[in-house]
Every structure is written in C-alpha cells, then in structure tokens.
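In what follows, subunit A forms one complex with subunit B and a second complex with subunit C.
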Partner chain A sequence: MRTRAKYVAFFVVPAFALVGIFVVYPVARTVVLSFLDSDGKFVGLQNYIKVLSSREIVNLEGLSRGFPLGALVHNLLWIAIHLPLTLALGLVLAVLLRNVRGGAVIKSIIFLGMVMPMIVGGVMINFMFDKNLGIFNAFMEIFGISARSWTAYPDTALLALIFGSVWLWVGFSTVLYSAGLETIPKDLYEAAQLDGASALKIFTKITIPMLRPITIVVVTMTLLWELKVFDIVYVATMGGPGGASNVLALQMYLYAFRAMDFNRSAVVAVLLTMSTLLVSLPLLRTLRDDQS
Partner chain B sequence: MKPKAMLVSLLGWLVALVWILPFMGVFMTAIRPLDELLNGWWNFQTFRPTISNFSGAWNHPTAALSRGMLNSLIVAVPATLLPLFLATMAGYGLSRYKFRLRTPLLALVIIALALPQQTIAVPIFQMMNALNLVDTYLGLIIVHTAWGIPWIAFFMRNFFTTIPKAMEEAARIDGASDITIFFKVVLPLAMPAIGSAFALQFTWVWSDFFLALILIYSPDKLLATQRIPLMRGVYHVDWGLLSSAAILVMVVPIVVYLILQRYYIRGMVGWSLK
Partner chain C sequence: MSRLFVVPVLLLATILSAVTLTVIGPWAGPEMEKFMPVLQEFEKQTGIKIEYKIYRAEDLANLLPAQFAAKKAPGDVIFMWASFIREYGQKGHILTLNGVLDEAKFLPGALDAVKVGDKLYGAAYTGKVKPGFWYRKSFFAKHGLTPPKTWDEFVELLEKIKKIPGIKAPIASGDGVGWPLSDVTEHFLISFGGPELQLDLIEGKVRWDSNLVMKGMNKLVSLLKNKYFGEPTEWTLVLKQWWNGDYALYFMGSWITGMVDDPNDLGVFALPGANGVVFGADYAFVPKYTQYPEEAKKLIAWLCGPEGQALQVKQGGHVATAVGIDLSSYPPVDREVAKIIQGVTALPDLDDSIGGEFQPTFWDQLKLLWVAPDRLNDVIRTLQEKAPKK
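And then the complex of A and B:
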C-alpha cells in the first residue's frame, strides 16, 4: 500500500505542484484582491459596485447614442452574433463538404484560421476591412456602398471584429461536426431513406439529434473563446475607437497594466472567470457521469 | 442528381475561395510594391514581385522578426516539452490509480481549462517580480508549463483510459516497477497522443500573446507575436511590412499543422470530445 502511494506521488505531484503554485494560488489571490482596496483593506463588494457601474463595463447611454455600450455588453453581443453563426455555418459546411470532391482540402483551408496566432488573426481582420486593400470593400462597392476602414469607426468596429472572428473560428465547428458526422451509423440513414423520409426530415430528425454531444462541446468551446477574446481586439482596434470595440479581457488588462489598478482589474477577472466556469459546467457534468 | 452534385461542389469551392481570399490578399500585399496596390491587390496590370517587405520585417530596426522568431523558439521548445513530460506522467497517474484526491484533481483540471489568463495575470506578475523572473524567459516558460499541464494531463488521461492494461500487467508479473513500466511500456504506446499534444501545445505557446505581454518587455527580448503590433507605421499602416510580418509569424504554426495534421486534428477533436 505504501509503495502505491509512492507511485501516485511520483506521477502526479510534480505536475500538480506547479499548477497549484502558478495557477491555483494566483486565481485565489485575484479573488482576494477583488475585495481589497489599494491599501489592502477589506472593502466588501465596493470594487464590484464601482466596476459594474462604470461606463467602460456597462454604458447605458450607449443604448440611445450608439457604441460604446461597455465591455460587458460587447462580449454579450459577441456571443449573440458569433455563436449562432459559427454553429450554423460549421454544421452546414460539415454536411456540405462530405459530398464535395476535395472536401478535405477545403476543410484544411477553412481550418487555417484556427491555426494562425490570434494576433495575426487580428491583423487579417483589419486587412479584410481596410479601406484600400480590404476585399470586403471591393464586394461592398458592387452594392454601391462606399469604401471605408470598417474597424476604424465606432458604429462598425465591434461588428467588423465579430464577423472577422467568425471567419477565424468556423474551422473549429466545421472540423468537429465533420468528425461527429462520421460517428453516425450509416444504416440509420438507409432505413430513413427506405421509409421515404425527405432530406430535410433526415437532417432534423437524425443528424441534429445524433450530433448533440458534439454540439455541447462546440457551444462550450466557442462560448469560452468569445468570453476570453483578447488578442484580435488588442491588435486590431485596442478596444477603440473610444472604447467602441472594448471587451472584458482587454478592459482587465487596461485596468491592471495601464491604470495600475489591481483591485478593479481583479473584479473584471473574477466576473470573467465566473462566466467561463458557468459555461463549462456541462463539461464538469461529463466527468461526474464518467465516475459513476 | 448530377447537376445537383455539381452545384454542391461549386458551392463548396466558393466557400473555400472566400476563406482563402484574405490569405491571398495578405500574400500579394507582402510581395508587391506599394504603388501597385493602390488599385487593390487583386489588380494585376503590372506585377513586379519583391521580397523587400520580407527583408524589411526580418531586419526591422526596432522590432526585427529575425530576433523575435528566435526568441519565440527559445521559449516555445522548453514550454512545450516540459509540460508534455510532466502532464503525461500526471495523466497516467490519474488514469491508473484510484486515490482520494483523484476526482477533485480531475475537476481542478477541467476548471483550469476554462480559466481566462487574465485571472492569473496580476498575481503572476507580482510573484515573478518577487522571484526576479520578470522579463526573463525562465519565468515565462514556468507559467506556460503550469498553464499547459491541465489540458495535457486531461488529454493524456483520456487517452490512457482507452488503452488496455494487459501489457502493463504482464510487465508487472515479470517484476517491473510501475516507473519502469511507464517509461518502457506505456510511453512508446502513447506516442501518437503525445504527438497530438505536442502539436497543439507548441502552436499555442508560439501563438501566445497575453502572457508574453505582461512578462516580457525589453525590446530585444520581445517575442515574435509581440513585434507584430509594433510593425504598424506611426502615421499610417504600412501594410506591406505588416503583411510580411504576419506571414512570417503564422508560417511556423501552419507548417507544424501541415506536417502533423493528423495528430493536430485528432488532438483538437479528441481533447474537445473528452
């Protein structure tokens, strides 16, 4: 029995010691910081009230005046637009590309957006929407819309980033859904076809329900990504102009390393972490199923 | 049926075109002189390719990518191998032994997967400051290692639960210790999974921006990703330079992806599908 404990320690302790010191402790410390003032005195929820009522986080005036709406609202908007688009596009492309010669090559091309560093992804988004070089403007001119750098204007900066990030992220949902489609037994489809089911009916009654486990994973990972988005905003707009494309992760950085306010930045970090933990609850549940 | 199949193929390749256009644009912008781009990079009335933008980015006076890419490599190699080694052992431990802390540790791993890096940023900066490791690669490598361990451990643990224990038990009957079994029997079997984890962790460390941003600040120590935002001109965006820099920095993970594509996708799918 003692030797077994020795082996457990040998395998598990070095890794988790590092995680404990450089991940768990910092997280705990951030939570503590969010309840302290700059002198280290406990102030309860004061920092939270201050942050949540600040215009950088939620800007109610924006509702009538337009962007900025505040980093928190911007993240929610990001989710509201990016999540359904990447899910739908990924599913449609996965189904479509199965029947296309060279579908694997197309998938690899779409997946490139996932492979590049996101700091490069941000540059690419700026490039796509640039006034002179952006292909987006070339298309828009066909419809008579005059060219402009879409990421440079408060009313379109955030939307341009969100649509650009769809371009970056669809590779993920496409590849996962493609892998998922492979797991659906072929005879299910054959039986449905024998019964005379329409293609649409087969899609809604067989494909979508069978892909449910994949959908959970794709939704979770996409939500996590939307909440954590930082690099592309930093390099493309720095949250600007005038905060019009600011997001929580960037605001945390600005509080901490530009304004040197570690307490307010801790609040943003804690709020962000609570959201990501909430989002990953389904994954924790699969763990519980594993154990039983 | 035939025209329909063709229509589907056409649609598929149209999508591919939309996805590849920005890459072509960045590439054309990088290899063409500025005066040719004024009517759009898709305009080919004249075409005089040049590598001056690439050499400009490579030897940039304040943010040379030659140095940046070397720095990124110096960080990425140990920051990939170290967590890979430690987390493979941890993943094996979590899959083969039942002990009281096992489920809590697994839960911790999943929680760590969800954490944003912003949550550790300030305390990490303060700790590294206290340890005199701010603006050193050692500090950054340690943080990358700790940050990479949870997902690799989880991924490897899931892999180990799928491989049969028969060979390990046979070795045990022959009198081999658990540690010998791990290194002699299990590790060789685990190479495909380790390959997947390697491809992903290397790509992520190479692509990382945030941790480098908060820990590394000396101009000559900046990593490749940190030099990209510095490539923008002051008064206007120098797209030729910026495009070349973008291509140079993304080429490394794309090459890793193309070489290890099978492992890469399996890692992505396997890791996500638990």
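And then the complex of A and C:
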C-alpha cells in the first residue's frame, strides 16, 4: 500500500507542481492584478469600470455612426455571424460530400484552411480582399460592384475578417460532421425511406438530432475560437481602421504591450477567461452525461 | 607529445574566446545591404565578429520588456525608438554612454532625444529626413508638370495629375503598420502650424483640437475628400506602383533613394511654406545585460563616429548626425535632400518621440481618416484622449 502511495506521489506531484506553477499561479496572479493599480494598491472594481466604460471595449456611438462598436461588441458580432455560418456550411458540405465520388479529396481541400497557421490565414484574408490582388473583388465585379480594399474601410473591415475566417474554419466543422454522419446507423435511414419520409424530413428528424453531440463539440470549439481570436486580426488589420475590427484579445495585447498597462490587460484577460468557462459548460455537461 | 596537445587546446581557447557581437536593426533587403559594408569594415579593423539580426522596432517593443525583466537581451547593440531608450534607460536596463561619445561632435540636439538629465542612454547613428513629396523627373517632364511654389499651385498640380489617363490617384498612400500616413500628416502639421507645433504636440503643450492643429488637418482632409490620395496600400508595393506611373507623387523619407532603380530620376519638393522637416535619427543603445559591454561600446562609438557615418552616407539614403562629414561623401541625390533641409528646423518624429499607446492609435486613426475623411472630429477626439498631457 505504501509502495503504491509512493508511486502515486511520484507521478502526481510533478504534474500538480507544473500545473500549479504554469497554470494556477499565472491565472491567480492575473485575477489579483485586475484589482490593483500600477503601484500595486487594491482598487476594487475600478479597473473593471474603467475598461468596460471605455470606447475601446463598448462604443455605443457606433450604433448611429457605424463601426467601431467596441471590441466586446465586435466579438459578439463575430459569434453571431461566424458561428451559424460555419455550422450550417460544415453540415451542408458534410452531407453533400458524403456519397460523392472524390468527396474525401474535396473535404481535404476544405480542411486545408484549418491546417494553415492562422497568421498565414490573416495574410491570405488580406490578399483575398485586396483591391489589386483580391479574388473577392474579381467576384464582386461580376455584379458591377467596384473594387476596393475591403479590410481598409471601417464599414467592411470586420465583416471581411469574419467571412474570411469562415473559409479558414469551415473545414473543422465539415470534418467533424463527416465523422458524425458515419456513426448514424444506416437502418434508421432505410426504415424512414420505407415509411415514405421525404429527404428533408429525414434530414431534420434523423440526421440533425443524431448529430447533436457533434454539434455541441463544434459549437463549443468554434465559440472558444471566436472569443480568443487574435492572430488573424493582428496580421490583417491590427484592429483597424480606427478600431473598426478590434477584438478583445487584441485589446488585451494593446493594453499590455503598447500602453504597458498590465492591470487593464488583466481585466480583459479575466473577462475572456470567464466567457470561455461559461461557453465550455455545455460541453462539460454533455461529457459528464455521456460518462454517466 | 605535449606540444601536440597544447596547440589544439590553444586553438580551441582562441575560438571560444573570440567575441561575436549581435547587432539588431530594422533594416532588411536593400537597406540592410547598405548597412552591412559598415559592419564589415568594423570587423576588418577590430577583428570583432558581428552577427546582424533584423527586428522591427514594433516587435522589439514587445520583446525587450520581457527580456529585460529576465535580465537578458537579444543583442549587444540594438537600434530602437528614442522614447523606448529613454524609458528603459531610466529603469536601469540600458548602459549609459557618457564618455563613449563626444556630444560636441554631433549636430546640435541630435542626442537630446536619448538623454535624461546628464545621462546619455543612446547614440545617434545616421538619420533620414522626411523632406516631402517625391516624383520622377521623367514623369514630370513627360506630362509638362513642375513642382509647386504655393498651396494653390500644389492643388492645381494635383488636379492636373488626376486627369492624366491611367493614373490611380495623384499621391500614393503607403501603409503597413501606419507610419507612412503619419509622416505625411506630420508634414501638414508642420507646414500649417509651424515647427513649434510639432514640439508642442510631443510635449503635450497643445491640444489636438486646437486651431493650429485643425488648420493643418483641415488642409489634409480637403485633399483626401477630393481623392487626391490613393487608398492606403502596403508601402513597398505602392512604391513600385508609383515608380511604374500609377501615381505621380509619394511622400516618403530619404531612404527611398536606396529603393528605386534609378535614384538620379528622383525629384522632391516640400509643401510650400514648410519651415521644418522631420529628421529621424536612428538611435542605438547597449543593453545592461550584454556579455561584451566594452566591445559593444567600442562598436557604437565607431558606428556613430565620423568614420562609420561617412561610410554609411556613402551608400545612399542616409544623412549624418555627426559633424564634419564631407558633402562629397554623399551621392548626388542625397545632396538634393540636404539642400531642402538647409535653413529649416530639424524636428523629431512625432509618434516615435511620444511612443506608448499614442503611437499605434495615431497610425490606426490615420488609416480611418484616409478612407473616411468626414470622420475628422472622431479622429481628433481619440488622438486627444491618447496624447501626452502637460
């Protein structure tokens, strides 16, 4: 028994020590920092009020004037547009390519966006929407819309990044849904067909409900990515022009490494951590239910 | 037998003890090619090896604070913004250069930006001026254009250029992180607010919404609204487009002379009435955590001394900060730049001098102004929020 305890200690203590030093301590220190001023004095919620009332985080004037709307609102917009699009496109592509000859190859090509480092993805998005080089302008000119650098204008910069990132991320949902489709028993489809169910009915009554666990994973992972999105924005627009495509993670970086204000940066970090925890809860609950 | 053993040991010891200094600078491509001969000459004269690494100042601003906190430095001599050198010099991370450089041997005020009290934290290497709008003499000759002498002539010139077939816009707008736009803006502020305005803005003595600032900004906005400036495009890409005739004018620093195929085809003019010109010296410092402080100081003294600077200006695109550099050392096109700056006040770069949160905000807000000039008031309000306050 004592030997077993020794083994447990031998394997567990280093892991706990590492997690404590590299995860728990920095997180705790960040939380503490968010309640201090630059001299290390406790200031209560002052930093939170300062950050949440700043135009960089929420800019209500933007509602009447247009972008920027503030980093927090931009993140929410990212979620509102990017999440349904990647989900729907991923599901549709997975279903369409299921029984198509060469579907695996097409899926691999779609997945390339996911394999690419996001920094490169940011550069690609910039090129894609560029006035002189961009494929997007070539496409828009078919409809008589004149060419412009879409990431350079406040009213289109954020939307260009969001739509560009759909291209980067849709491979993830397609691959997961494709794997999920393979797990649905064929008998269910055959029984439905025998009963005379239409294709739409089969899709809505069998495919979608059976893919629920996959959908939860895709939603959670996509939400987490949308909350912490940084690299694409940093490379493509640096949050500009005039903060029109700024996001929380970039603002956290700007507070820390440009303003050298680690307290305000810590506030954004805490807010981001809390949001990601909140978002992760459904996934954790589903996993727990599956285990039980 | 013992001799056979001693010789390799001595050889090994010599190799291990050989000093290699790491120099970090922002120059890549053609600019780096013009810097390397200077470093190579130092290696030849002293036997000290040098490794050159490229880091943009924007990246160093992220990297160095963390390195300094760990009592480390990625290089022995590092080129960086003056505001950064001053700030981290005072925090004790940078070695003082008092006694290494003789201030009397530099242009008046050249070292002020890296001095705090009587402590000198940095050295001024050569500099670049941002004299005005560059054009191709052949392009102007082909279309019968002449450099303007008044504001009205300038606007007239832009209108004429706009009508030339194939022209995207009269003035190319260089972009990247945003500094090329800030250089043009500073030129307008100096031209219409006077050289003092630049210094007052740096020190926070003047508000961004003051009449003096608004006078320059309104002039700039009037040109933006008339589409005389092109859409902001990556600055090296637009340089090629300008050289190929897509644009007629390009506001850029004097380093442009080293980036075009035929520098002798270059002409430059300042905005009529500009009594000041931004002179951006390249500042270098020796971090406290260098392994070779004496050798690093020796290199900085040589680089910033007359020999190093003369060699650099000879390569083109640079202007000396050290006194006594013969004009014959300069290539002909740089002599033209030197003529423009004669009799005008040399000024520090606005955003480089202020640094901190203001700099990226300034760049980003100007990107907004370039595409939405009707939002001038928003831009001014944001700049005032981030500007230093006296």
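In the analysis below, the second predicted complex is superposed on the first by the 284 of 292 C-alpha atoms of A that agree within 3 Å, B and C clash if a C-alpha of one lies under 4 Å from a C-alpha of the other, contacts with A are read in each partner's own complex, and residues count from 1 in each chain.
By definition in this document, a contact is a pair of C-beta atoms (placed from the backbone, for glycine too) under 8 Å apart; a residue touches a chain by one contact, two chains touch by 3 or more.
Not measured: the values here are computed from a predicted model.
When both complexes are superposed on subunit A, subunit B and subunit C occupy overlapping space and clash.
Applying the stated contact rule after C-alpha superposition, one finds that A:Ala80 touches neither subunit B nor subunit C. Legend: residue contacts after superposition of the two complexes on their common chain; A:Met274 is shown touching neither subunit B nor subunit C.
In the superposed model, A:Gly240 lies in contact with subunit C only, and not with subunit B. Contacts of A:Lys131 after superposition on the shared chain: subunit C is touched, whereas subunit B is not. Of the two partner chains placed around the shared chain by superposition, subunit C is the only one that A:Met260 touches, whereas subunit B remains out of contact. Once chain A of one complex is fitted onto chain A of the other, the partner contacts of A:Arg148 are limited to subunit C, with no touch recorded for subunit B. Across the two superposed structures, the residue set of subunit A contacted by subunit B and also by subunit C is 132, 257. For subunit A in complex with subunit B, the residues that touch the partner chain are 4-5, 7-8, 10-12, 14-16, 18-19, 21-27, 29-30, 33, 93, 96-97, 99-103, 105-106, 108-120, 123-124, 126-128, 130, 132-135, 138, 167, 172, 175-176, 179, 213-214, 217-218, 221, 224, 227-228, 230-231, 234-235, 249, 252-253, 256-257, 262, 265-266, 268-270, 272-273, 276-277, 279-280, 283-284, 286-287, 291. On the side of subunit C, the complex with subunit A involves touching residues 61-62, 65, 175, 177-178, 231-233, 237, 356-357, 359-360, 363-365, 367-372, 375, 378-379, 382.
In the complex of the two chains, the subunit B residues touching subunit A come out as 5, 8-9, 11-13, 15-16, 19-23, 25-26, 29, 37-38, 40-42, 83, 86-87, 89-90, 92-94, 97, 99, 103, 105-108, 110-124, 126-127, 142-143, 145-147, 149-150, 153, 178-179, 182, 203, 206-210, 213-214, 225, 228-229, 237, 239, 242-243, 246, 249-250, 253-254, 257, 261, 264-265, 268-269, 272-274.
Of all residues in subunit A, only 55, 65, 131-132, 148-149, 152-154, 238-244, 254, 257-261 touch subunit C in the complex they form.
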